[in-house]
């Protein structure tokens, strides 16, 4: 065999170390998959149970095969109307308000910082650390007197205050990442504060804004405590719908699973699709 | 201390792509300072990493001492490496950085401290720097710590991956000689990678020139300069670069800018055997002698670079318009726009195959 | 040609202009901050002030009597009430165990996810999901389909290990709630630690390989010190959220059996909802806030590194 052909053949065969390498990788992958599926199991079980008829949902042993039905889902969808509307309004409304308030505030705490920016930042974070539960009684009384009880506006106001500190922290860290050369070039080109914000900063941080908005959406959609205590019917949100699906008596597991699935799926899907953005926002925004 | 051998060492990244390192055969003697030099993508860093065990081999083998280390993990090869960006352990002090490998070998603490202190002294690292963290050090200090980390191990082979590239010019020149001096003192076989041919020429006992994954020539700096084996080596080694021109063959030699430069018989017959009508002529700038109107090559000075001791003249030859660089006396070089003539000694002319680049005879 | 002089330069006679932002500039900088600042102050501080006010009042919703001042009697009750103290202890216990467990799992999962293998993206998606599930849904699903003694999945899966129809929410109520807390917050810890793992410079890890460190030694000597600020951040942020957990307690065990799973948030809730004691709840709330501030100050000082705010641009 010629030297060239020998070399070519050696290049085609897997080198001896490679087999050990590959099996190491595969083993690791198997462990990772097993762990992931075990961790995900409750969600899987929830979705599976949602398709069961009630008779098949509370059995021993638990059923893995059954004839699936959409009956529970139909029930859920016939009842969820007002709840999902309220959730959408409260979530989208508060997120928009958070962005409207948070972007300028982050700007004032990063790119062209105010005098005591450290104190300002600390103030916002400190509001997050104080338990909202502490003020729930007086909050109820205030809402009552202001005729805001059981109003979607109350939820929008409170959710905004709830998410604003986190949003400011995240957006600020994204703004700090804008290279200063970009800002200096814009300044040389004659851009004022507003142009700088709209023309340079916003485009660069738009992925960061998306991930911030996503996190606000997640927390607002999932929020239970305030909704439970301050709403009844006119502003009841999806978490309340979920609670209402647990009756005082009777079989309810399949119905509960269907309601839980429907309530959780929007945020889960959004989180899955925008995963990269979310991960980046959580990790990066949190780290800086 | 040991000799190092690359035997047909090959590394391929993608299945149908050309190899990053193509059947490299290199013999490095015990205690030798071998420089691997070449442009980026030449495979020099890959070859070094293969020796380190950080890249697997897809073909061939590597020997350290008399042992085949092709499948031996890095930690068992008894080598030490200085990385391009130093790769110091950020959370450890300088002393802990340097002593880390010894700690992994379970060397007792006092012996560890002694060796670290010794290495620090050798590298002119002040005692109070030993407790600092890398981020508190200057670039030059970090570079020395990286070297110290390697020295402390007293390995069989030193590997260095462009350790000077992050230093400013003045520090680079200073550190260059320090490294060469250190290696001479310690006598440890060293494989040093750089893209800077000046570094290669000044530091190496021998220099291996690589291009496109293949070894072009491995020789002493003098030999590489005086006897390049092909056009690539001739053009790569030497600064400013050798003037290379494709010229037609005539009866006794080659024709450049209207003048016939005589070629030795051996070159002519080699060209004839290869059926060539033209070849690539190489003339180093210092071999273009200003001839005061009597030289065979005539041209006009386009630009003068004054270096103090010499001057570099960028000349456009009148016939044919080729651009060449010539080295002239620094005192009173010709000015731009001036007409000059050059004389070239026949012995100073290199001839290369226009397609393969191989040196013709010589 | 200028003459170069050696020696000290003569003292400058040029007036050095003080460099200070003009008043207009300062207000221009403050303006964007004001809306968010004013909003937050109004929405968060007013309720707090009202809470403070009510904490000094006796105000019950189940009586027709109006609120009237009763000094520090509410506070006396808070400090002497054993229920408050046990809720406090339980809160600390639940938070600390959940944070530690979630972080341990988070590190383990992050290490798993840090390698390349087939379907890595899908695995990561599966691992993040518990964080996305509505906490109310998580609580109800774990309480019912997962942990029920008669038809729960967990009892079924643990059968081969000799487990028989355990009523988790009765006999291991606190543990069950903690499990759900850990389940939901492990992904958060995982992502933060994973960011830390992926920010390790690869050449430093190679240097360790060449220096003779095996996988365990590298992890112990290099990776863990590198991860420290990330872990601290995860612990800090996680604690802030976990100490306020309400959904799981309310929906899984309703604070019970008895008060076995009552944490501070739930205790406050019962004061308002069951005892209709606005004054007492307000006082409890104020005490909780003060305790939180004390703990947070300590935590911030301990984790000062984490809060090294990056310097802003001009």
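For clarity, chains are labelled A, B and C in written order, and residue numbers in each chain start from 1.
FYI, contacts are C-beta pairs under 8 Å (C-beta built on N, C-alpha and C of every residue); 3 or more make two chains touch, one makes a residue touch a chain.
Computed from a predicted model, the values in this text were never measured in an experiment.
Chains A-C form the pair with the most C-beta pairs in contact. The chain with its C-alpha centre at the largest distance from the centre of chain A is B. Chain centres here are Cα averages; for chain A and chain B they lie 55 Å apart. Separation between the centroids of chain A and chain C, computed from CA atoms only, is 16 Å. In the complex of the two chains, the chain C residues touching chain B come out as 201, 203-204, 206-214, 217, 221-222, 225-226. Chain contact summary for the complex, chain B toward chain C: residues 52-54, 73-75, 79-81, 83-85, 87-92, 100-101, 104-105, 149, 153. Taken together, the chain C residues at the contact with chain A in this complex read 26, 28-33, 35-37, 39-40, 43-44, 46-48, 50-51, 53-54, 109, 112-113, 115-120, 122-138, 140-142, 144-146, 148, 150-153, 156, 183, 186, 188, 191-192, 194-195, 230, 233, 237, 240, 243-244, 246-247, 250-251, 264-265, 268-269, 271-273, 278, 281-282, 284-286, 288-289, 292-293, 296, 309-310, 312-314.
Contact residues of chain A toward chain C in the complex are 25-26, 28-29, 31-33, 35-37, 39-43, 45-46, 49, 57-62, 100-102, 104-105, 107-115, 117-118, 120-121, 123-124, 126-142, 157-158, 160-161, 164-165, 168, 173, 176, 180, 183, 193, 218, 221-222, 224-225, 228-229, 238-239, 242-243, 246, 253, 256-257, 260-261, 263-264, 267-268, 271-272, 275, 278-279, 282-284, 286-288.
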